[in-house]
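Same chain, two partners: subunit A is paired with subunit B first, then with subunit C.
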Partner chain A sequence: MARYVAGRFAGIVVILFLVCLFTFVIFFTLSPDPALMICGKTCTPERIDQIRGVLGLDQPYFTQFWTFLTAIFVGRDYGSGANLIHCAAPCLGYSFQTNQSVWEMVVDRLPVSATVAIGAAVLWLLIGILAGLLSAVKEGTWWDRTAMGLALGGSSIPNYVLALALQYVLVVWLQILPFPSAVSFSDGPVLWFQSYLMPWVVLATGYACLYARLTRANVIDTLAENFMRTARAKGLPPMLTMRRHALRPALTPIATIFGMDFAALLGGALITETVFGLNGVGKMAADSIAKNDQPVIMAVTLLAAFFVVVGNLVVDLVYTTLDPRVRITAK
Partner chain B sequence: MTTTTVLPAAGAPVAPATSARRVAGALLHDWAAVLSTAFLVLILLMAICAPLISAITGHGPNDFDSAAIDTDLGGLPRGSLGGISADHLLGVEPQNGRDILARIAYGARVSLLIAAAATALTTLLGVVLGMLAGFYQGWVDQVISRIMDFLMAFPALIFMIAILSSLPTGNRSVLLVVVISVFGWPYLARVVRGQTLTLVNREFVEAARVSGASTGVLVFREILPNLRSSLIVMTTLAVPGYVGTEAGLSFLGVGVTPPTPSWGQMISSSVGWYAVDPMYFAVPGAFLFCTVLSLTVLGDRLRAAFDAGEAS
Partner chain C sequence: MSDLLVVEDLTVTFPTTRGPVDVVKDVCFTVGSDETVGIVGESGSGKSMTSLAIMGLLPRGAVTRGSIRLDGTELLGRGDKDMRRIRGNQVSMVFQDPLSSLNPYYTVGLQIEEVYRAHKGRSRKAARKVAIEALEQVGLPDPERRVDYYPHQFSGGQRQRVMIAMALVCSPALLIADEPTTALDVTVQAQILRLLADLRRESGTGMVFITHDLAVISSIATRVLVMCRGEQVEYGTAEQVFSDPRHDYTRMLLDSVPRIDDSPIDEVMS
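Take a look at the complex of A and B:
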């Protein structure tokens, strides 16, 4: 087990390194010169050279990449003398457009993204799994057909369309909710809940529909298994067979997918955050892309990749405890 | 010798004809599938006949119509429901009065073309690389599988936006197709690889191999036909995803550049107006939703029909 985990960690490091390298090469060959962007309109060749020196852009590619990598572990300094800017240890770069360390920007915005992701996840797990279970048990009835029809429809709505429609109906027309904004919990729980309700619903809709369909399919497959027939033949009551025998094998695949989806969301729900103006990591990514703020784009890409690969590992580890059959084959 | 290699291959075309007829029959008896197909045909006709629609209504996709908007109200369309009238069947855009029907029709061209091209390219990449990995295994499989792991670990949306925004504004549609395909093919290749892995060891492939069939015959006559049903289903289900991705990227401002209309970009420009002119986002939103839904329903029913065939 320890060897397996160590191997997986090595794999993660390799993938993250490649993501770094790939992003680095693409941006530094394609993007317009960041020094030009910072320099602005009143620009002289000397000033550009100076900025390039401060940013380390006058160094060869490989040195720049190496500086970027080491900065993550030991930090780095930009410029010298009076203009020295220190970027402390987990240094993902320094945004000269906002004059902030990228790491600080991420830490500032991560709670908003986490709030959006966690709230939405609770919603979609509850609704998706319950609807899926009910549909599987009542397979072929009007409930099953309606629920699955709705699920197909719900997963087809692009989330920005749903976001605009909800905003129009709830905020402009019925005036039930205030205009959405990132209210912190200390400003009052009710206001906080109201401001996050629409982002949660919008984000959860697509996933809930997908999970309902997956749950239904898995439960129906499990109910047809031999051990379920045995359980029923033993005379166990239906609720008990469902709870004790069917749920675990049926929901284990859902747990896997959930881990991946949730990890991806921690890297920022880009569209939802942008539409609702929530200042999370996703909106930061969109903003920095619009302003071509390279260090921030690099950092967000790296962060999102980090969440995905770590999520992947966690899923695989949890899977072996959830599903004993995998544990046997793993040996 | 030659007869034995030809036999299984010659037998193959007989099965698909009946299975194609059976699947078509199953779909015809399903009102949801029929309705979806009808809607998709309508959208397709609309896209092909976009210039004709413009000629009939007399409004091009980029013609301003200052008579249809009310400058005293900040450029809101005159009349109710976003300016829907006999002249403008689906209303006009606020501020410049461009005809929404014409823009929807021309936008359908852009959206469908990009989605279809992206699907074709991902399918090609996915099938070729997936089959290579599954057929040759060993180090070929290792290399391709690692590339797939790497691409799937990538935060695709963020990266697509970043690449598209930093690339020079060349031919946006081609860029979109390439970028979507580069990040899309591993999902198909994974399935193709898995199926090829199991097929390679099946008796009929072994038999063909032993009787001296070349690699080309093995791949194209023995393995590929067996992947057909899952390929049809996966590509049908991929199209709505790509329609959505294109619209999403255009919505975020890195897709098709104005004045070329695309559905996502129309929705994007309606964001500032949703409170006063809800029809401006409702019309392209509804078209996008119905198209994605139709394609999803069709893919879903296709899968059900193929599954039923395998079970019987």
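Take a look at the complex of A and C:
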């Protein structure tokens, strides 16, 4: 098992390195010259050269890439002499737009994205799995048809449409919720809850619909398994039969999908955060792409990749405890 | 030998879009408290439906008529709660495919223990002891260790032994074995058959043995019921059915068994 995990970690390092390389190639070499962007309208060739020197853009691409990589672990210096700026590890550079340390920007915004992701996940797991379960048990009834119809409809509504509609109804018209903003929990739990409620609902809707349909399909498949017939032939109480024999096999695949979805969301819910103006990693990504702020783009890409590969590993490790058939071969 | 199971005029009907269809029609047979009755027929002949009707496990929508009496008590028309007390306890079942019939997520120990605990209401510890004894009884080596194994860690024959241990752990009066050897290879088939016959004799359990394999039936059953398209075409002692079949279908079935002295070329040419 230890060897397996070590191997997986090595894999993660390779993947993250490749992600770094690809993002670097795409955003640093194929985009417009950052020195021009930083310099602004009143610019002289000397000034541009100076900026290029400070940022290390006059170096060969390979050296630039290497500096970028090592900076993450040991930090780096920009400029020299009196103008020297030290960027401490983990150094992801400075935003071309605001001159803020990218690492600090990420640390600032990650809690907002995490709050959005966790709240939405709780909602969609509860609603999706419960609705799916009920539909499976009551397969073919009006409840099943209504729930699955709603799920199909819900998964086809785009996030931003739902977000705008909810905002109009709840904030503008009925005025029962404040306009969403990244309120911190210490500002008061009620306000915090009210501010995040709409982003949670909007983000959770699509997932809840998907999970309801997945759960329904999995449970129906499991109920038709031979071992379910065995459980009934053993005269076990119906709740035990359902809980022990049907739910665990049916929900194990859902746990896998959930791990991946959730990890991806930690890298920022781009549309939801942007529509509600929440300053999370997702909005940061959208803003940085719009303004071609390369260090920030690099950082959000790396961050998202990091969460996805780590999430993947966690899912695989959890799976070995959920499914005994995987456990044995993983040893 | 008293009558343990009496099945009279059992009819199972399924509603279809083209009207009701009888998958089992007017089937009558009895099983003594210490004998094996074989039910033979090709697939779709209603053998399995008959056994599921006895267990009260027919699919939703099935309508059952007639009478099924176990030890004098009528089983048909009983509520699910009543039937649950009987299933696994007084009547238990061994199915065809032991791999898919065992839940892959739980150890075989837990799966045996849960039957015992559901019916006898004992502690986990007592149930575990019984589970180990049951595994030993079906001839699994090293049962103390293997009780914590998962189904996929056993071979096909061993899995069927586990299923048999699970079926017999509450000492039922009747065991229904639905094609228990069909999914196994020939040498293992013989071992499982011997095990079933031995255990049945030791415990004095009545057995209904369902198969499409006449050779298997002749070695294990005292009485034989032949089914075809849901109907009972022949019922009698094994000797009588095999040596003097009354019905054309039984004769056809018997003729379909390949013999070692058959001349395959002649048959193909003729």
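The rule we apply is simple: the second predicted complex is superposed on the first by the 327 of 331 C-alpha atoms of A that agree within 3 Å, B and C clash if a C-alpha of one lies under 4 Å from a C-alpha of the other, contacts with A are read in each partner's own complex, and residues count from 1 in each chain.
In the analysis below, a residue touches a chain if its C-beta (ideal position, glycine included) is under 8 Å from a C-beta of that chain, and two chains touch if they have at least 3 such contacts.
These numbers come from a predicted model, not from an experiment.
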According to the stated criteria, A:Thr63 is in contact with first (subunit B), second (subunit C), both, or neither; which is it?
neither
Could you tell me if A:Ser184 is touching subunit B, subunit C, both of them or neither one (first, second, both, neither)?
neither
Applying the touch criterion given at the start, work out whether A:Thr141 contacts subunit B, subunit C, both or neither, answering first, second, both or neither.
neither
Given the touch rule stated above, what does A:Val275 touch, subunit B (first), subunit C (second), both, or neither?
first
Overlap of subunit C and subunit B interfaces on subunit A (superposed complexes):
none
Which of the residues in subunit A come into contact with subunit C in the complex?
225-227, 229-238, 240, 244-245, 248-249, 252, 323-325, 328
Considering the complex alone, what residue numbers of subunit A touch subunit B?
15, 18-19, 22-23, 26-27, 30-32, 152-153, 155-158, 160-161, 164-165, 167-168, 171-172, 264, 267-268, 270-271, 274-275, 285-286, 289-290, 292, 297, 300-301, 304-305, 308-309, 312
Complex contacts: residues of subunit B adjacent to subunit A:
149-150, 153-155, 157-159, 161-163, 165-167, 240, 244, 247-248, 251-254, 264, 267-268, 270-271, 274-275, 278, 281-282, 285, 288-289, 292-293, 296-297, 300
Contact set on subunit C toward subunit A in their complex
55, 57, 80, 83-89, 92-93, 95, 97, 100-107, 114-115, 118-119, 150, 152-153, 163, 166
